[in-house]
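Notes for the one structure printed next.
By letter and in written order, the chains are A, B and C; residue numbering begins at 1 in each of them.
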Amino acid sequence: MKNFTQFESLALGQELIDLAKSYKNDSRKDISKGIGKRVGCIFLNPSLRTRVSTQIAAQNLGMEPIVLNMDKEGWALEMKDGEVMNKGTVEHIKDAAGVLGTYFDVLAIRAFPTLTQKNEDTEDFVLNQFIRHSGIPIVSLESAIRHPLQSLADMITMKENTPSGKRPKVVLTWAPHIKAIPHAVANSFSEWALGMEYDLTITHPEGYELDEKFTKGATLEYDQSKALQDADFVYVKNWSSFNDYGKIHSTDPSWMLTEAHLSKAPDAKVMHCLPVRRNLELSDEILDSDRSLVQRQAENRIYAAQAVLSKIIG
Amino acid sequence: MKNFTQFESLALGQELIDLAKSYKNDSRKDISKGIGKRVGCIFLNPSLRTRVSTQIAAQNLGMEPIVLNMDKEGWALEMKDGEVMNKGTVEHIKDAAGVLGTYFDVLAIRAFPTLTQKNEDTEDFVLNQFIRHSGIPIVSLESAIRHPLQSLADMITMKENTPSGKRPKVVLTWAPHIKAIPHAVANSFSEWALGMEYDLTITHPEGYELDEKFTKGATLEYDQSKALQDADFVYVKNWSSFNDYGKIHSTDPSWMLTEAHLSKAPDAKVMHCLPVRRNLELSDEILDSDRSLVQRQAENRIYAAQAVLSKIIG
Amino acid sequence: MKNFTQFESLALGQELIDLAKSYKNDSRKDISKGIGKRVGCIFLNPSLRTRVSTQIAAQNLGMEPIVLNMDKEGWALEMKDGEVMNKGTVEHIKDAAGVLGTYFDVLAIRAFPTLTQKNEDTEDFVLNQFIRHSGIPIVSLESAIRHPLQSLADMITMKENTPSGKRPKVVLTWAPHIKAIPHAVANSFSEWALGMEYDLTITHPEGYELDEKFTKGATLEYDQSKALQDADFVYVKNWSSFNDYGKIHSTDPSWMLTEAHLSKAPDAKVMHCLPVRRNLELSDEILDSDRSLVQRQAENRIYAAQAVLSKIIG
């Protein structure tokens, strides 16, 4: 495995889940594996969980993580080739990525979409510029279109909460929000759930269809109540429109998941990648109940990142 | 000791002072004690000394410190239960503290008062929300009403500068400032000095009375010159009004401590928690003289934090 | 060697280059040398390469680096002695440097010039205040007038690319820019290239003469094309006027280095300290060609810093 930016195969997914679970059981068992190796964590956008869990994962392997909050530190990168750099950008991605490639053994990058330049976003332009120019392995800490470490943590969490032999019903449901939110978590969750051969239903108001590249094989059901019936796992997430790119079409509060929505799914576990806006996306009653797996998902971010870094450094 | 947020007892105070002094003598003697343990240092407000001294203290114990400048990183936490989060806050303290509780072994938190919401501040609302929701030991790096690591460092410094057998006269004197400053350092200094059984006099202009919860047992003297007479230690600090909450009543420059103020306290040592505004709170002549203990106090912040972390991780 | 702030001697320069090359060959050979020692990296201005390369250099020696982005963290220092601090500055350099001197074994400081206060800048006032008040060794991470770690990395890079026995022709050429840029890199490069006994020619439009303190011994040639003839190394850099302090006199695009400029220097290697504004200072064709040494210079920043820290901690 050179880069970790998306779902690759059922076999690799299973291997990473097993490795992550072994680290959860004994986090420092490979403490010597990464000695003398460095991971540079480049944030072009803010992060709490991702930053801390990646640092911890690296330290658990004996690696030295160094964080660069490029968004905060005012280091505006030029991403387009051939530009005359006589405006706001101070350094070209070619040069910055090249230097980082000589400083680190692995680069972990967070680069959100613009939500205005659809072509650039769907090509995952910024992430791919880092891959192109750094010359070293790249781990996505959420790109314009995918959030694979979150999805790996989600798969670990579902596995931990599934009786062996069962093929659970998984529902990804859209939730209201006040801001235009990227598609990365929803795309990746769908890509991984389908890749790991879960029975996946996606439900959202009309106009919120995700890019089919990620959802092919899932059942699409516009009636949320029908979709939720008999669900084992309900993944709650907002996203903006993909077809009418980056726009908010509905903030219909009836889509917020509450206990009443789960009357026909009595055993459903509820998931969210966090941060969650309480009582807008998801009700307090659910988040504070035993249904909620959100803290377990967050905890599993450490072991997902640790498995990925471990696999990359060999 | 689970949490470290305030003065607890003379016995514990003495134990922490002795432990801190032993670390000052040999900072790395417990370098293996914290191996594999992590302290998350959460700053809701800026910090220089506190951040660095806590990182060093943790490293001296073999712990891994990770700093989160939440104030700078734009991660606005919702503190109130039951809110519909459809405005500026992006994550609820319940969820954020819960996640941090799964990532770290100890959380160290800085959360200044609002100086406008008196009830919320005097309940130490934000600190207590972290205690309530993180599930792990909490160290205060200055809360709305207390700054116990500063006070512990101050007690170490006074102990180092007191001939054995003597009970020194300690004076806490208000000083002018141009901004509305919290009460935390003054409250804590009073609480600890009284708890450690020093003879404490507090002096300030009328209208600057501190919360009696912290000062009961001290002598209150409005005449600064009378208060300073025969002082062994003079602790200089500004604070805003507590009764007329968060307001500035006086900036009377005659309250700034100078050599002339100490004519009847020839041997007095002068203390300040830093940062100090020179020639506004305290004169250059004092800060640059042998009377000043401010650098020693700052240095002892390392060993105060190291003693506290050491005691918490057991 | 106590401080590292400028070129000292040919012998020391040679020793540092050799030590750096030995670390480049085996970066962790002195991994135990700095155990228990700390370097505080104080940034009064932004940094990417310098921050990361210094952290890595320290870690390669077993030292613990702690970064303080004082510019970002809103900790405005008062630099002038005797001021009444009743305005924007929150702490005096005397006190801040004194405390940092008790917390660290070495301080590494970045302090850019004002480009408006010529006397203060040319005295390197801020760096010297840290030297005066910290009481511990100081490493310059670029001061108002010098950038010695960059120059050391540049000398390593030239040495690596020079056939033994040859005395290469080195040209420092001014390049256009849209902002007023400090003189530090140009000054230091000249100081070190002359100190290491290279044959140095400096070329720039009239009005861009550097401070003679740094350039005495170099050939000054206003005709860029004449200067570049038979060059072995061409160092490209913008700077603002020194005589008409901090002003931009020319942004003449014909001074941007392109392949056409190097028609009479077919073997010239091209250098730049980065970040470089592509197609404003230097053309893509050069930066993307084998002529370019810019990635090697950046990589050598690690080993330059490692050699300096190693020498300082003895």
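In the analysis below, a contact is a pair of C-beta atoms (placed from the backbone, for glycine too) under 8 Å apart; a residue touches a chain by one contact, two chains touch by 3 or more.
For clarity, every value in this text was computed on a predicted model and none was experimentally measured.
K.L.:
What rotation angle superposes the Cα atoms of subunit A onto subunit B, in degrees to the nearest 5?
P.N.:
120
K.L.:
Between subunit C and subunit B, is it the same set of residue numbers doing the touching on each side, over half shared, or a different set?
P.N.:
Since fewer than half of the residue numbers are used by both chains, the interface counts as different.
K.L.:
Compute the distance, rounded to whole Å, between the mean C-alpha positions of subunit B and subunit C.
P.N.:
40
K.L.:
For subunit A, write out the residues touching at least two other chains, lowest number first.
P.N.:
72
K.L.:
Taking the complex as given, what residues does subunit C use to touch subunit B?
P.N.:
Contact set of subunit C toward subunit B: 36, 38, 40, 64, 66, 68, 70, 72-75, 78, 81-87, 90-92, 94-96, 98-100, 102-103.
K.L.:
Touching residues of subunit B toward subunit C in the complex: what are they?
P.N.:
27-28, 46, 48-49, 52-53, 55-56, 59, 69, 72, 178, 274-280, 284, 287-288, 294-295, 298-299, 302
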